[in-house]
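Note that the chains are named A, B, C, D, E and F in the order they appear, and that numbering of residues resets to 1 at the start of each chain.
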Amino acid sequence: MSHSEICRFPTPALDQLPEDIRTRILAVQEKAGFIPNVFLSLACRPAEFRAFFAYHDAVMHRDGSTLTPTEKEMIIVATSAKNGCQYCVVAHGAMLRIFSKEPLLADQIAINYLHAPLTDKQRAMLDFSTKLCRTPELIGDEDLETLKAQGFDDDDILDISGITAFFGLSNRMAIVTGLQANPEFYAMARVPKDK
Amino acid sequence: MSHSEICRFPTPALDQLPEDIRTRILAVQEKAGFIPNVFLSLACRPAEFRAFFAYHDAVMHRDGSTLTPTEKEMIIVATSAKNGCQYCVVAHGAMLRIFSKEPLLADQIAINYLHAPLTDKQRAMLDFSTKLCRTPELIGDEDLETLKAQGFDDDDILDISGITAFFGLSNRMAIVTGLQANPEFYAMARVPKDK
Amino acid sequence: MSHSEICRFPTPALDQLPEDIRTRILAVQEKAGFIPNVFLSLACRPAEFRAFFAYHDAVMHRDGSTLTPTEKEMIIVATSAKNGCQYCVVAHGAMLRIFSKEPLLADQIAINYLHAPLTDKQRAMLDFSTKLCRTPELIGDEDLETLKAQGFDDDDILDISGITAFFGLSNRMAIVTGLQANPEFYAMARVPKDK
Amino acid sequence: MSHSEICRFPTPALDQLPEDIRTRILAVQEKAGFIPNVFLSLACRPAEFRAFFAYHDAVMHRDGSTLTPTEKEMIIVATSAKNGCQYCVVAHGAMLRIFSKEPLLADQIAINYLHAPLTDKQRAMLDFSTKLCRTPELIGDEDLETLKAQGFDDDDILDISGITAFFGLSNRMAIVTGLQANPEFYAMARVPKDK
Amino acid sequence: MSHSEICRFPTPALDQLPEDIRTRILAVQEKAGFIPNVFLSLACRPAEFRAFFAYHDAVMHRDGSTLTPTEKEMIIVATSAKNGCQYCVVAHGAMLRIFSKEPLLADQIAINYLHAPLTDKQRAMLDFSTKLCRTPELIGDEDLETLKAQGFDDDDILDISGITAFFGLSNRMAIVTGLQANPEFYAMARVPKDK
Amino acid sequence: MSHSEICRFPTPALDQLPEDIRTRILAVQEKAGFIPNVFLSLACRPAEFRAFFAYHDAVMHRDGSTLTPTEKEMIIVATSAKNGCQYCVVAHGAMLRIFSKEPLLADQIAINYLHAPLTDKQRAMLDFSTKLCRTPELIGDEDLETLKAQGFDDDDILDISGITAFFGLSNRMAIVTGLQANPEFYAMARVPKDK
């Protein structure tokens, strides 16, 4: 596979990678059936690769988080769309379709979450995360109060913020590296399954 | 120490922290003479704490980076100022004064780097990092070409981008947590030393 | 059929519509297999319905236009995405997949056309149409010169502008009426066909 | 008359035009005493000309509309000013002076409708139409609720939106064609008549 | 005269004003035939009144300035329009018509100076002054170089900047005080005189 | 002293200045221990110099103003930071530290006043002055009502507005002239004194 199909920079061969990184990549490949390009684009810098996925797991898989997988993916899709990040919108749009079992929701949120079928609580969550994403300098006490009025507590706020902040980092690295979303993601879970 | 002097949320006591985290904090305290508040605000979530500092070290201390400590701090101060992040502007402003031995430079960059005494190469570096920081959706091939025309190579671009992206994450967490810069940072290195 | 699945306002029954409007709608239904919701949302105001589709046909089907169907749909998807119009991005994204036989292109353009695989001429076309769409007050002689330098002539410029302007109107009516894209559009042409 | 006084592109001679278009233009000329340049700039494309004026008439002369001619012209002047469209601000500014018999109102609205003498209902109408004009992606349920709280019903909302959307199209075509407002419009109705 | 016709705040009676201020106002009234409202709105604060008009005269009547009265008024109209200042656009629009003897030019510049008939040098002057007016933080060496390439020297740049800066102050005071342009200004010099 | 340390343009020698200007400058030098560069950059144009400082004194030293020196400097620092003006942020940041005896406050306001320790009344004052500074066209009755609800009266509003407007002028002249803040200002009053 030529690097031009993955990103703007050369990507290393799997057998040149440190053991732990190769192992993680092969495990993903086994589960997904293909290697998501983000793993290959980051692999050339092992220390950043490890920190990136440690951070990802810390914010996405925190024990005790009350955010559902669907809600976490909503945040990623909404904020990545504002940042114009092809990779994250496409890859996490697929994840959102899978978790929500709603085949239309990811595109609706990516285009304009104001016109997507959301609960008031989800709408408040995306209002906050897109504001934090795009104009962090405007975030104040009143924004946290709005979240609390919808039933979010301090831990929820930290979860929403951590996901927003981490994928803001991810968006920027994907954009600079010209990371291409794997074709597999585009069509994934577009046919509704039984709920 | 009351948590209201540190951030919006409660912070854990040092003796309640996991061993590795307490050790890192004590080492910083020994070196700096005080504990920078970012360590305490993040300590309540150990997995995020570890990932945060692993990422920090990966982008700030990469072996082989040709960016100088002064240049790295320039990026942090310029982008954190655009994001309106008190903690990062003040704390890394102090770092920039220390590394550059220029007592005025950090304030000049924080207020408006267009009016700071920079080389053309540094100006291009901050043009790119502030654009990536604030409008990642507008970054294109031509922006990378501009950096290369100033002598930056692919690794430099990844370093500049990694620092910009990581501190964008850091800014957002500091803003949401209401993180206060320690008073010690404000006055640090304001009197020029011998170069 | 409840109006809530179509748009924010009630929509008329087919048999209550004027003959010419019902005929057009039935023809579309026969060809597509379903009635695109835009026809139903506009049908309650026959004079606007007729003017809308007359304008649509005038800009989309002008005899002698050198713009290909793919290029026309690129303009619609890129500008409708900037305007946050769910209906037009989804429905014309489907059209773009059909005409281009490229199953990924519509999503790539909707998310960020700067990162889509475009020729320089197509890129210039979308730079112009998104600028005209979002900041018409900034369009000047130099923008037309840029198009001409890419090989577009006066008639092409009028075609690009007419499509941009008409779908700007369409986006606004779809947004105000809360027009929902038919589910059929989302999955259409996502599997590549033989070119 | 040289085309440079009308717009950026050549305009056809009246006797070369299709019969229906020439008839409409001559009727306007008879009533106004001159031919508004928009008729000549659009006449080179008969299908677009016909659709344009059909749409114009549909939104401006809908039977049963409760919007007054003055209110319709307020919307056109306010939104066209935001879009920086010389032709529409000048020509419809004249119309607004004629219908309102207020010689200052058009300039006041064009410069800044927030400082014009409007009723609360008119202010809400222009808040909505300028938001729909400039940031359609931000329009949500709450904007329609605000209009309804001022006494506008669904039909009024569709009227306001249709006028806003149609003149957004008109502004863009006028800007791309470099359409010049006829000198006659500038001074029209600047002396107050008896009300 | 009720203060509501002048501005949001009460205005003093002429005979209550300090001698020098009353004298200046009466001189203007004699020359213009009416008292421009800005004189009355500022008169309640004599020290600011005197400084305001001293500054006005310093930037508008500097001995040796090579800017023509028409060019100075172009700057005022273009920048005041960007700031949405009714008083300055209307009053200085009248001045621009008087000085230029072009009855259409002021409206054209107020609506969108990109579509007004300007020389390249005048266009550069307005590009600079509107940028300085709206985004002073973005002004850099390259903007001054652009002006110099058009033939402006250091003194011209200081004249353009002084007028822009002073009328930015004036716009803000007019907006806060709700200053109304006198009706006389609107219709002034709309009929071309012999040049 | 070379002009390059002061600003972009040559500055006159003290003994070439008109008597009143030299006297004012020497008085400042005696009091401060150095000559603030703004005096030298403006001295080449005596009429503007005199009007500038007359205006400064009128808005900053109005008899009867209820704004404290600390509050006046807060306005200057907050608005000058939004305008990216190095000179005014640094010089008036020093003044703010001196008057408030709070060594951290000026930097906190310059970086992001939303995160500075302000009373609700001070916050409202800075919300208004930064809005008037950056988007004067959006100021309306409701903004004045908000100030009045916090206890500000008409005279306070004129004081806040006059300071905001005057320093907007000052920022623009400092930016165009490339005015450098004297090094003395940066470190001034950073060590807290007895209150």
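Just so it is clear, a residue touches a chain if its C-beta (ideal position, glycine included) is under 8 Å from a C-beta of that chain, and two chains touch if they have at least 3 such contacts.
Everything numeric in this text was worked out from a predicted model, so none of it was measured.
Where touching is counted per the definition, the chains common to chain D and chain F are A, E. Listing every chain that touches chain E and chain F alike gives B, D.
Remark: among chain pairs B-E and B-F, B-F carries the greater number of C-beta contacts. In the Cα superposition of chain A onto chain D, the rotation angle, rounded to steps of 5, is 120 degrees.
The pairing of chain D with chain E is characterised as same-residue: of all residue numbers used at this interface, over half are used by both copies.
Annotation: the E-F interface is duplicated by A-B among the options A-B, D-F or B-C, judged by over half of the residue-numbered contact pairs being identical. With centres defined as mean CA coordinates, chain E is found 45 Å away from chain C. If you average the CA atoms of chain C and of chain D, the two centres end up 24 Å from each other. Residue positions 84-85, 112, 114-115, 137-139, 175 of chain D are each in touch with at least two other chains. Taken as a graph of touching chains, this assembly has some other topology, since it is neither a line, a ring, a star nor fully connected. Contacting chain pairs (ordered by label): A-B, A-C, A-D, A-F, B-C, B-E, B-F, C-D, C-E, D-E, D-F, E-F. Contact residues of chain C toward chain D in the complex are 8-9, 45, 47-48, 50-52, 54-55, 57-59, 62, 82-85, 132-133, 136-139, 144, 154, 157-158, 161-162, 164-166, 168-173, 175-177. Across the complex, chain E meets chain C through its residues 112, 114-115. Only residues 137-140 of chain F touch chain D when the two sit together in their complex. Chain contact summary for the complex, chain E toward chain D: residues 81, 84-86, 89-90, 103-104, 107-108, 110-112, 114-116, 175, 178, 181, 183, 186-187, 190-191.
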